[in-house]
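Chains here go by letter, A, B, C and D, matching the order in which they are written, and residues are numbered from 1 within each.
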Amino acid sequence: MSLDPLPLCLLFSSALFCLGLIGALARSNTILVLLGIELMLNAANLNFIAFWRYGPVTSPATGVMFVIFSIAVAAAEAAVGLALIIAVYRHQKNIRLQEANRLKG
Amino acid sequence: MSLSAQYLWVIPALPLVAAAIGALTPRSGRSLVAGAAIVALALSFFISCAALSTALANPAAHLTHNFTWFELGNDTVRLGWLLDPLTAFMCTMVTFVGTLIFIFSLGYMHEDENFKQFFCFLSLFAAAMLGLLVANSLLLLFICWELVGLASYLLIGFWFHKPSAAAAAKKAFITTRIGDLGFLLGLLWLYDSAGSLLLYDNGNGVLEATALGALGSAATVCGLSVASAIGLLLFCGAVGKSGQFPLHVWLPDAMEGPTPVSALIHAATMVAAGVFLMARVYPLLTPDALQVIAIIGAITALLGATIAVAQYDLKRILAFSTVSQLGYMMLAIGVGAPSAAIFHLLTHAFFKALLFLGAGSVIHAAHHEQDIRQLGGLSVKMKLTFATFAIGTMALVGVPLFFSGFWSKEAILHAAHATAGSHFPFYAALVGVVLTAFYNTRLIAETFFGHGRSHAAEHAHENSAVMTTPLVILAFFAIALGFLGTPVYPWLQARLSGETAVHGHSLLDGVGLLVLSSGLVALGIGAGFALYGRTLRLRTKATAPDPLAIAAPRTHAFLGDRLKFDELYAATFGVVNTFLATASDWFDRSVWGGIVHFLALLGEFSGTVNREADEQGLNAGFDATSEKLRASGQAYSRAQTGDAHGYLRFLAVGFVVLALVAILGGGA
Amino acid sequence: MTLSGPLTFLLQLPLASAAGAADAFLERLPLVARDWVTSWLPEPWRWLVNSLLSIAVILSVFGLLFAYVTLAERKILGRIQNRPGPNRTPIPFTKLRFFGLAQPFADGVKSLTKEDVVPRGADHLLHFLAPVVLLAFSILTFAVIPYGRHLVPVELNAGVLYFFAAGAATELAVFMAGWASRNKYSLLAAMRALAQLISYELPLLLAWVPVVLVAGSLSTTEIVAAQAGWQFNVIPHWHVFTPWGAAGFAIFMIAALAESNRSPFDLPEAESELIAGHLTEYSGFKYALFFMAEYFGMIALSGMAITLFLGGWHAPSPYVEFIPSYVWFMGKLSALLLGFIWIRATFPRLRMDQLTRFAWKFLVPLALINLGNAAFWSLSFHWSGPFQILRWLISVLVVVGPFVLLGRKLSAGVAPRVYRYAV
Amino acid sequence: MTAALVLIAVFTLATAAVALSLRNLIHSALLLIASWFGIAAFYLWAGAEFVAFAQVLVYVGAVSMVVLFAVLLTRRSRADTVIAPDSVARAISAVITGIAVFGVLGAAILNTSFARLSPAGVPPLPSGTGVSPVISAPTATVRDIGMQLMSTHAAALLIIGILLTVALLGAVVLAAQDGPESKQESP
């Protein structure tokens, strides 16, 4: 295993991504699932920064830009997601994700 | 204090912002909207003063600032601002008179429930008018021109619940639009031949030597040179906007609007736009075109003065006098004296605004009574209004030496006399002077002297200071402004023609003309006094007949019907229009309607056939297919488990499988 | 390393004081002192000691300031309410009282020796962490404020953002305190406090955005540098002396009052109505830590207000520039803190609905309009002559017009209360 | 430098892992906030100052509050914040899936030679020497970011603004109670 910073950063971010994935898959509380998804988003942001920092193109701040927009979208996503959770809670009196399946075929 | 042409847009932008504030404020924000409108226009006035001082520093220069609006294929459409003495004088006048009228409106419209909209519209109007003045592109000028038309439509029809006001607004809008069509055609033709609509553009503008030379050498069409044709088309727009014969009919009807609107639109600004346009494009006009303009102007001047003699409505008399005075201005342009035309425009703006505001003051005091037969004896009750109104009238008539109208009219007469072309305009103008003096004497006598001939007139009293103060200020200028352009020291004309030196000449040079016109004025006043002044004591009731009607009943009735122009138009254009409409209607109903009915029957028949075939033949097959589709859909829908975890897991596993395939496949 | 290092250093001192204001001896005194201390140490250690020194200085100076602000507050409130305030604490083992100057230390000893009560069933870890987190983040905010010409602990490119990012974390501590107490009233009060903090976060942020817009930087040092210079040598170029700056400063200070839970926005604690809001279940030194963090927050926000609007460490006139910059900073800070105390003694408390309505319907729209105003200001910077007057006029109108309109809307249907039987 | 990265990574991953395995929702949320701090620390480490502070401001200041409010609003009694354990089978399958994904990603990363991605003319960074790579680091000052936001990315900025507004309104509409419903629900 090399000690270059770029692979390390990427390993870090993929580990974070997989943790988020495991959380989203394993937990039944919708809030925790949403938080897992937030973690996955953050892992993607880590990649942007890592490539911006150590990638081939050095000058423009494109990676930073992307992360800024991504954070804004994540904020919107969190607000809408949690509002959805509250709406779901009002309908079925709990927020277990596997019970929210009324539209199944 | 100086102003770069680059910042000229601030002048129209300020009232525009005020209009926007007005549009966005709720109905209750009366004082805010009125305050914003007045403050914005006052600021515009100060900036206009800065512009004026800049322009006067170098009157021959045309300071411009051009920029690209958008590009369309290979053509770039460019707009710009222009600063020269013409623009600067007009801007200063419009903002100053406009501010006074706005202030007057505070009092006049105070009880109106749509007070807020009124100031919003006024600001919009002022913005459009100022935009028209600062434009360095005929396109931008045309856009603002149309905006002015829209604003005047809104303002004339402000009391839209009155059917007559709504009709007058419509009439004004449509009549001016006829002229605008000619204007637009002229613009397109000009763009086609000159390749630009910028007025001044470092030698490439349409008013500069290159383009003018190119136009002059262009081929002729039907005996007219292209330049003359374009000039006359542009003049069409001015005819509509400035109420020249034969499109003058809208202007008197526009008096249905509130009086400050009449003062603003029909005295100071909008009607002046046509004259301004002609003065602006003056370098473009050929002698042929100028001849036509002079004759139209002369006819208008005579016509307006003649009709005004037999009107009873206070504001309508003033309106016809406006028509007549605009005729004078056009006449001046036609005889080659645009600076005299603008001089008269400026003086006229002040004294006509004064007259309209004075009329507004009278009307407001007399509980919205406008019929001069119902008024009378107001000189005692409204001393200040009477004094200022009298000053305005004397300026309008051209009472010698001390009133501005005298000097500006003198300049026009002088130019008309000196012209190389036809002398018809000159004689028409002289007759107009007599008539003007006559009907104004009648107006003053009927309104302010004698007995109050109605309840309203007897109980009128002077208005508040917010209404009388503008009158006093305007009266001052109605006197003072004339001294800017006396033959002895024609400062204004010199600056307008781009000269820095002023070449005055002694009064004695044109003394014959001076004496002649003074005599004509005296004649008119004398005739008016003889006919009206002496009989005032006898008439105490509103029903008493007009002395002129007794003297010449048929002429009076004909004049009173405004030479039956409306009837003439109704009988000619109206009848043709109605006929065409009826014909189209018939054609629509029977011919096209028949075809459509036939097609519809055909469709109905084929539909019946289709349905039969469908029900008997096709349906069985479709039903079977639908069943199959539904079954397969149900099968697929089982994959839709509603288990979000399952979807996510599926996604992740799918990713792993695909990645493995890619890695192993790529490695192989 | 020999002793010659410190000695040569001392010899250079007179030379240093010969130059201009920026190099005046008093101005450089803190730097000189620091370099003198570090010059005793071997080279590789110096940077670490440098940082530790600034941390130690900030902690001690502002710790002491906190102690005496509490004393000053009690004394001044007492004066305003016609009573003497604390004046009896003597120097230990003597009878010297000195107006009760030892009071803060007595308070400290008292709160340290009190029993630390934790409710049964409370979340022990969070109960402990809440004051720690709060205090930590309050102290973090001190890092980017420029205290003097040469005195910025950390120079950050996005210093202002850092300040408010660290400030945002205090909300977390409030929530932790309310939730960990296992007391439904604590929790409710914490929710109310959060609603207030979030509501006033928005005007607070929007109030300083115009400054960033005009100064063109998020760095605190550059914002201070942008306010250098004087008009006619008496009117400093501080942002507060522009229409948008004055409005921004007012909004900022109001929002800062609310953010630091000060009267008249002290609903979360409201000692006279609730017990202590989300701090009900805290006692002893934890309570003191909360108290300390709140005062730190207030001091930091005042420091930021000085940096953003009041010209930072700049002197108000070149004639008094000989007074070193950090003295000016501390002077302005004391003035603002005095203002806080005075307001507390003067204004009655708001109701919850009035509080949120004031933020959302008045401060936020006003701050947004002010942002546009600042944009206009920076776009019209080259206007001169009569346009300069026009610029001021428009800018003032943009501030005053919405202020009047919004204010009228806010107080519509509300009349001053009439006390019919009280004379 | 690398040591700092490893420290940050371990902190972030550990807090995230513990957060996602706890049964107490409040503790999970708070630990996750700590994890977000770790990510902000990573940004700081990588020299993206502005992003780090934005991360703290948005996640710690705003998203965390929304999460905590959501937790408190979706429970009926205090005990509800401690949720029942989830099914073991699903947890095991989740861990297996996660490890598989990590295996694929990790293999891909380790098998890629990133040296050729380094900018031309700059030699690949020496490994393990502890020399700081700051020399070749790209700089993105706040001014650069602001300039780019207002020029190159102006359209994106506007769209994000609209998106946030719409999301805010949508969230309010979703979470707001309807008139008659609220009457039924209030006991």
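We take it that contacts are C-beta pairs under 8 Å (C-beta built on N, C-alpha and C of every residue); 3 or more make two chains touch, one makes a residue touch a chain.
Computed from a predicted model, the values in this text were never measured in an experiment.
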What chains touch chain B and also chain D? A, C
With chain centres defined as mean CA positions, report which chain is farthest from chain C. B
If you tally contacts for every chain pair, which pair is highest? A-D
Rounded Å distance, chain A centre to chain D centre (Cα mean): 6
Taking each chain's centre as its mean C-alpha position, how far apart are chain C and chain D in Å? 30
How many angstrom between the C-alpha centroids of chain B and chain A? 63
Rounded to the nearest whole Å, what is the centre-to-centre distance of chain A and chain C, using the mean of the C-alpha atoms as each centre? 36
Two or more other chains in contact with one residue: find those residues in chain A. 21, 25, 28
Can you tell me which residues of chain D touch two or more of the remaining chains? 50, 54, 62, 90, 93-94, 97-98, 101
Give me the residue numbers in chain C that touch at least two other chains, ranges are fine. none
Which chains touch? The pairs are A-B, A-D, B-C, B-D, C-D
Chain B touches which residues of chain C in the complex? 385-387, 390, 401, 405
In the complex with chain D, residue positions of chain C that touch it: 123, 126, 156-158, 161-162, 164-166, 168-169, 171-172, 175-176, 179, 182, 187, 191, 194, 198, 201, 216-219
Quick one: in the complex, what on chain B touches chain A? 634, 636-645, 648-649, 652
Sites on chain B touched by chain D in the complex: 645, 649, 652-653, 655-656, 659-660, 663
Touching residues (chain side chain A, partner chain B) in the complex: 21, 24-25, 28, 33, 97-98, 100-105
